[in-house]
Structures are given as structure tokens and as C-alpha cells.
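Letters are used for the chains, namely A, B, C and D, taken in the order the chains are written, and counting of residues starts over at 1 for each.
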């Protein structure tokens, strides 16, 4: 039981970052970015290239990826999403599906289909009171929690964060207050690009890297972000952790293959009680 | 087509059939004699459907390379049927049955191929096979699910792979030999692996072992923590993990990091994959994993030459490349033997050039020469002996059992 | 070549049906369905299982339609209280659950191996030689019938009411339409169409397995509806055709280009598809054909910039 | 007549296919309160959004102090001395009053250097909100919210203030209070353009008025002259 919770935390912490990125871009741009999966794949390959081809240490490779990946996110935004900015959310969603094809296959074009792993030694777990806690879990926890803290501080206590919240809340009013939406959108993509990069590295450590990698995370990320309330980054974290832990605990009762069904059941139940998700803002309807 | 041509071609077909029967019956008949001088001109077209994208995209490229190697060799040696070259058309199955079937249809109709090889992945073969049967073209598959050859297919389907039910017991034997009693199964859910579980369980129980847990997992999920916890947490002596590469890497990382110590037995598709598994996880994680696969004829010169031509290190044990190579050669030899590239005809020659009796030849070019000289041959390929039963399944598949020690694959035994 | 085109056209017909279902639910009524592949799978498995147990074709297909409609109605009922984003997740979850069931319940669905040997309707009378052409004719006929039905419905008060709901729920409600009932109906009709599509898919290869119903099916349907112009049935036929043509035409790419190996070409093929879709969205925003409108366009209440405020 | 502060000529704009603003021309002189009235759905709100730079101009020009600002987006127009208060949802509900005020100065470049005194000067106008700066704006009453929105707009010391239906959703008593504030702000030298539905309440406070029907100007005159005409209703409804 305790072990299951720890394992669930491990999964949840990894999902938390992309779910937060999804929530951030949703908050500002009002569409769920389906390409988040392919972006994760690309970030993982980017870090892998620095680590394995250029022979950097994983920490350096990760840092470089976190620094450079926002550029990729910005380029995607400029080329794909910007021209469609004034269109409905589903148009943007479909565009992000197209983008996801493009990104995934750019990875395939350059790296082929083989499974890859970072060049790092694996370690046996620490044992604490009969529970096994492994090194990756600690790293994941460290990275995730500091990333979350960073996002929280940025959102609550900086002018950028205020601007982001303002645009998310009411874009017209934000424009009327002198906030340049283009700038805020750019900053949001950078921030979520960094989150995606960090989680791409964590995922690469957790499992094998292959061009399909991102697909495995899209559904859980969406579920986590929606459970927490789309547009609420803090909610996304809570959603991710809940899904991670529920998913693991569910294996006590049902066949592990059905755990994603259980996760959806939880999401559905929560939504029935709270239609806007755990921390979602109540939309005020006329 | 003009009516006269049409008439000619039906006539030819009939004569051709006779010639084929004659060739089968009277082996001493000089080969040049039965080669019809009126054979259709132009290249002999062979299609190939293999995955390059999607979840099994990793397995396509080496098969492509091997097939091209075989085609090049044949063409350099002068082609078939008195100088006709082979043209190879390759399509991506996208690891998706619908796309695979569309690709099959394209090859049949647009490229007008006379047989299609490849077919890695049972659902793709299942979705495509009716198309080939309806078109009366030969299908050569590299997938294992029993169902593909089970129904009547008019002798058109040839399997260059051991059946799933043949794979299962071998895993059981290995585990029992290692002295394991309490054994669990953690199997990927796919048609190929699905049908090897029951035979595995039966073999273990027959040998006095106990199955502690038997769990299937879905590939393509974020983590396998729950599955690993459930299976390894019960601390069985050994766990049988039939998987594919990507998920096996993730699972073994999890097993190692989880501090579990049960022994692991797996398939070479996952645990070797031409060295990619070791490359991915490093020697510590891989240490002591038993794995097996249908054995290519490692000792045979043709296999050594094949490995060299593929540009891989000497001790490479190929998984599917050899099968693809054999598919091209088997088709070529059968066509040469039958004296026609008419699928429905030459498919009957496949056992004649592959099964004993006949001189065992492993060099394809040599085999072609012998055929032309009217000799009886039994081709031995780079992937297997290439002997077939009446259902089109390969006979006498041996399995190669290896173990990973100090970051290297060590030969343990050959099993059957 | 003709046989190849026949197969492709049959696949296109099935894709068109799926896109039509989406068009009723989302294009006309504004309710997103991300579980399309699950609906199609449900229809296909229903038909296949019944056929394999000796049920007649009409019963099997009818059962698929009924089950999918009921499922659609139920899902939309569950989601009535929720906003659109959440309907998305409920349908996504439904699709996932169906996928899991088809994979795991071997006794019913054959698990990952799927169900082979599904009897093809009327094959004894038609014979195998011309069966494909016959089957294509059946598929095209079904598409035509549904197309005509939907066109009539679109022009009827029902269709106008649906669009009114899509464009502005509050206005529609104030006009006295029973919004909830309309939404449930639209979702059920869409569900029924996916049921037919599933049946056709089951007969197509006389074999089904879970991997035929992957999420990519849903993605293609969205592409078709968007490319064709949301709400327009004739547009989406064109849209679905262009997507499938793009998909298949890129197969011929490698017959022309010889520099790259096959896996690279396969990758480039999918890049072109994704990129093509994006370009279509940017440069053909209204889709290939504009939506039929009996009345002047409503005042833009729901301009994306101006969320309902 | 003094040189106009803001001129718009032949403006066309809209969201989807068709134009909602159909060739509107107007000019506003310094110091006046200029009111745009018209029936529901006539494009008033869109017009003021076009002036504020929220909805892009498709055709026509807008000039501020004689400078062409047609291509300027809303944030840039603030730099040119314009401020805009949207209708109803005009404060950030998830932020405190203090944060709302802070946001109004943070992104204004030079104009944003409104010092402490400047801020105090504005807050003095609105004692109600000055006293509880840590309250979430979403929890304010309608009138207080409107005051906060004014305060936020005024903090950049604009030359011209655009108001979109300041009276919307307020009780008659509050409406008077709001219009008094508008007058007070105007008295301090700020030119005001406002869109109003509540014609009877707004006209007494206005200097000039414009009637917009179906996106084009139907009538334009002194507010007093308009009030004296009895056919307002007919002006609104007559088909063009």
C-alpha cells in the first residue's frame, strides 16, 4: 500500500509537469494543445542528443534542453498557432494534432524508430522502513517540486505572472491595461517549453525514448489537467498526483490494464460534482 | 489487351501449369528445356509490407535491408527465368492493419506485384490475407500468430517464423532447466505473444513448476510500475517476460530500480534486439537475463556471409532480417523452379526447393545454378532451415537460448 | 489499379461516415466527440460478434446502430451539466474504455488477436471475384442515403435548431427549443452513424482487431470535418476524400524519390500530412465548401476572442 | 471649433464574414463627453472596441491628436493617451484590488511611471476602494467594481477615456453615482467617449451624441438638441 502510493507519486510527479504546461497554454490561448505529447518526445530526443551524441553529462544536457526547448515551442507557436489565433479552440486543437504528426516524425526522420536511453547508470533503491525509494524518484521529485514552486512564484509574485493571469482571465481587459498579449503568449510558451523539456528528460530517465513516447502521455495529461480544472496550473499538479496515486491503488482492486479506465471514472465522478474540475474557475454565464 | 493477347495468355497459363507439373514430377528433366522461351518479359515484381512507423516501426528497416541485399545478389547474378530482374516494392504498414491492407492493395493493383513478403505483425497479416487469397498471390509472413495460417488459404501463405505456440514451451523449458519452481508471467498484450502464454504455462506445470501470477500488460502506457510491483513483489523465482523492445527496456529499468531480484527470461526480440537492449539499459540491469529466439543457422557459411553483407559484427544474431532474406530467396528459387512468375503456380514449388529430399544448399546463387542444372535442392536460409508443412508453417524451428553476462550475449544452448 | 481504387474508395466511404457522425455532433451541434474510434469499435465488434454467432446481417447491423445510438445518448446525458471541455474528456474516456475492453476481454472480443472470419454479407450470391466492387457500391449507397438524410435534416427545423444551439445556447433556449433533448438526439444520431461505419469496417477485411480502431481514426475525422468546413456535409465528403487521397498519394512519393530510406520516407509522409492539414487550416479557413445556411449568419456571439462574458 | 482630439473616418470592422461597423466617421473634440447610442446589436460595442484597438480595423483610419494610430494595438494606444474600460467584466476578478491597480501601471512604459502621488490622486477620487486593497476584485459589488475599473483606467492619466456601457447591470442610484464620477473625471480635463444603452440617463451628462444603427451613423448632434427632439424612438427603429 505504502509502496503503491510512492509509485503513484512517482508517476504523478512526472505527469504533473506536462499537465501544468498544458494548463498554462490553455489558460492563455484557450485550446488544449494536443501536440504536448510530440513536444515531450522531441524534448527527450534533444536531451538524448546532448547526452549521448555530444557526450555531455545528463545534468548539462538537461539544462541545455531546458534552455533551448522554449525556442522550439516559440517556433511552433509562430508558424502554426499564431496565424490561427483568432479562430475557435477546436481549429487550434486540430492544428495541434497536425503539429503533433510533424514533430513526432521529425524525430523519426533523424533518430529512426529504435528505443534509446540516456547514458546514465541506474541505481538500486534505498530502503526506508520496508519501502523502496529509488534515486530517479528522488530526482523526479526534486525537479518536479522545484519546477512547480518556480511556476507558482512566477504566477503569483512577478509582473509576468500577473500579466499571464490577467490575459488568462480577460484578454480584452488585459489589452486595455497595456498588456501586450503577444509578449505574454511568447512568455507562456517559453515557460511551458521549459516544463516540457524538464519532463521530457525525466520521462527519458524513467523509460525508453522512442518516437511514440509522447502518445503515452497525451491522455493522462489531458485527464490530469481537466481533473484539476483546465487553466489552473496548481489544479493540474493536484490532478496529476491524484491520477497517479489512484491509478496505482486501483491495481489492488482491478486488473492493472483497466487502471486508465479507473482514472477516467475518477475524472468523470469529480466532474459530476464539480463541473469545472477541482480548482477550475466557475465560468460566469450571462 | 487485345483479344488475341488474352487468348495467348490463357493458353500460356495452361501450358505453364502443365510445365510446372512436369517439372515437379520429372526432376531429371533438363531445366533449360522447361524454361519457357515465351515467358512474359519485363521484371519480376515482388512487394513487401513492413512497419516503418507506429509502435513496431523499429523492426522494419533491417528487414528492408536484408530483402534488398537478396534482390541485389539475384539481379547481379543474372536475374531469374533467363535474365529477368527482380523489382522490389516496399510499403509502410504504419503498424496498423487498415494501413497495411491499403498498402497491400496498392502493391497488388498498382505495382502489379506477384507476391508480397514481409508482414511483420499478425493483425496486419490477418487484415491483408484475404486480399492476397482473392488475388491468388503468394503471401510470405514474418509474424507468429497461429491464426494467420489456420484457415484454408489454398497453399498461398508461407510462414517464415515459428508459430506462437512453438515459442511458449521453450521459455518454460529454459526456466525449468534453471531450477526455477515458482514462476510468474508478465506478458505484453499482443496477438503474437498472447498465444504463447498457454503453452508456456502448460510446459512449466508439466515440469513440476508453479505459476504464481499471470498478468498481461498493455504496451504504450506511461509507466509499468504497477505491473512490475504486482509481479515482482510476490518474489517468484523467475519471471517470464515476453515483450517488445521499448516496453522491455522500461520494465527492466523499473525492475532494477525497484530492487527486485527474481530472474528474468524473455524473448530476444526484446532482450537482444541486435544489441539495442544492452545499449539502452547498460550491463548491470541486463545481467543474467535469459532470452531466446528461433535460431538462424549460425554455423552455416551463408549465415556468416549474410551477416557480413549486412555490415554487422560477426557474432550478430539477426531476428527478422534473416527471414526477409529467405523470403526473397525462397520466392526466387520457387519461381525459377516453376519456370514462371505466376503466383498460383510457383507457390506449389516452394516445398520442392525448400524441403528435403534434395541437396542442402545455403548459397542462393549456387542453388539457382543447381536448379538450372536440373538438380533437386533443399534450400537452407539465413533465417532458418526453411522447411514447410502442408499448412505453410515452418518445420523444425530450433531456438537459440542465450544469457546476458557482463554486458555480452553468451550462447547457452539450442533447443527445439 | 481499379481494384486498388475500389479498396481506397471503400475506406474513404467508411471515413466519410465517421466524419459525418462527427459533423452531426460537433459540426452542427457543437459537441466535441473524442471517443469516435471507440464508437466505431463498438459498432464493429457488435456486428462481428453477432455475425460470428449466426445472426443475420440486418439484425447485426441494426444492433450495432442501436447500441451505438444508445451509448451516444447516454454519454451526452451524463455530460449535459458539463461544459464542452468536459464532454471532451468523457468521450475520450469512453473511447479508452472501449479500447481496453476489446483488448482485455478475450472471451468476447478475441483480445489483441481480434476476430477473424467475419462472414461477409451476400458473398455466396455475388462471388468473390466481384465482391469488392459490390461492397464498394453498398458503402457508397449507405453514404449517399445518410448524406441525403442529413441534408434534409439540416434544412429542416431540426437542423436550424441544432445550429442555433451551436451558435448560442442561451438564444436557442430562449427560442423555446428543448436544448437538452436536441443535444441528446444529435449525439444519438451521430452514434448511430458510427455504428454503421463500424459494421462496414467489420465486413471490409472480414477481420477486426483493436489496433484498427486507434485514436488516429478520430484525428482523421476531425481533419476531414475541419478541411471540409464545419457543418457542411458535402464539404466533409470532399474533406475526407482529400485527407485519404493525401494519405494514399504520399505512398507514391517513394516511387519517385530514391535518396532516402523507407523509414525516412514514411516519416516524411506523415510530416506532409500534418503540415498539409496546418496549411489547410491557415489558408482555407472556411473549409473547401461553406456551410449551408438558410438564414443570414447570426451575430457573432461566440467569437473566440470574446469568451462568453 | 477646436482641433479634434480623435477622428475616425470611414471605419469598417467585424469578426467573421461580414462587417459589423459599416463605414463610421466621427470626430471628438478635447474636453467633451461624446456618447454613442443606438438599438441593441447596432454595433456600438464593436465600434468602441475598434476605437480602443481591441478589434482590428478592416478599412478606414483612426487618428489621435492628428497622429495615425489605425495600426496600433490597444496597448500602444494607451501609450498615445487613450484608456478603455470594457463593459461589465472590467476588472480581474481573481486578483486583489492592489494587484489590479498595480497591473494598470506595470505595462505602460513611460506613462506607467505613475508615482505614488499620482496613484494617491486617483485613489482619492475613489475612497471606497482605496480602503480595502487586499480584497479580491471578484468579491466587489457592481458599483465598486465599476469604480475600480475607472481607477485602473485613470491611473495612466489618459487624455481620452473610452467607456463601454458604464451603467450596465447597475441600479438607478448607482448609475447616477457613476455618471457623476464620469462628469468629475471629465471636469479634470479628460475627454470621454462612452457607449450607452440607457439613453435617458446618459444624455444629460453628454455634450454630443451619435446614433448608430446597423453599424452606420444615423444621426449626430448636440446632446441637448437631441433631447429636445421627440422622435428618438423613430430614429432608432426606422429602416434605413
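Here, a residue touches a chain if its C-beta (ideal position, glycine included) is under 8 Å from a C-beta of that chain, and two chains touch if they have at least 3 such contacts.
Predicted model only: the values in this text are computed from it and were never measured.
Engineer: When you check each chain against chain B and chain C, which touch both of them?
Structural biologist: A
Engineer: Touching both chain C and chain D, which chains are there?
Structural biologist: A
Engineer: Most remote chain relative to chain C, going by C-alpha centroids?
Structural biologist: Relative to chain C, the chain whose C-alpha centre sits farthest away is D.
Engineer: Rounded to a whole Å, what is the gap between the Cα centroids of chain A and chain C?
Structural biologist: 29
Engineer: When the C-alpha atoms of chain A and chain D are each averaged to a single point, how far apart are the two points in Å?
Structural biologist: Their C-alpha centroids are separated by 41 Å.
Engineer: Need the CA-centroid distance for the pair chain B / chain D, whole Å please.
Structural biologist: Centre separation, chain B to chain D: 75 Å.
Engineer: Identify all positions of chain A at which a residue touches two or more other chains, and write them in rising order.
Structural biologist: 105, 108, 112-113, 170, 172, 215, 257, 260
Engineer: At which residue positions does chain C touch at least two other chains?
Structural biologist: 100, 103-104, 263, 266-267, 270, 305, 309, in rising order.
Engineer: Quick check: what residues of chain D touch more than one other chain, meaning two or more?
Structural biologist: If we look for residues of chain D contacting two or more partner chains, we find 54, 89.
Engineer: Considering the complex alone, what residue numbers of chain A touch chain C?
Structural biologist: Going by the criterion above, the answer is residues 30, 32, 80, 83-84, 86-91, 93-95, 97-102, 104-106, 108-109, 112-113, 170-172, 215, 219, 222-223, 226, 230, 255, 257-258, 260-261, 264-265, 267-268, 271-272, 275-277, 283-286.
Engineer: Which of the residues in chain B end up touching chain A in this complex?
Structural biologist: Touch list, chain B to chain A: 52-55, 57-58, 60-61, 189, 215-218, 220-227, 229-230, 233, 245-247, 249-250, 253, 256-259, 276, 279-282, 284-285.
Engineer: Can you list the chain A residues touching chain D in their complex?
Structural biologist: 159, 162-163, 165-166, 169-170, 172-180, 281
Engineer: Would you tell me which residues of chain A are touching chain B in their complex?
Structural biologist: Listed in rising order, the residues of chain A that touch chain B are 3-4, 7, 10-11, 14-15, 105, 108, 112-117, 121-125, 127, 132, 134-136, 203, 206-208, 210-212, 215-217, 220, 247-248, 251, 256-257, 259-260.
Engineer: Within the complex, which stretch of chain C touches chain B?
Structural biologist: So the residues of chain C in touch with chain B come to 1-5, 7-8, 11, 100, 103-104, 106, 111-114, 116-117, 128, 131-132, 205-207, 209, 211-212, 214, 216, 248, 251-252, 254-255, 261-263, 265-267, 269-270.
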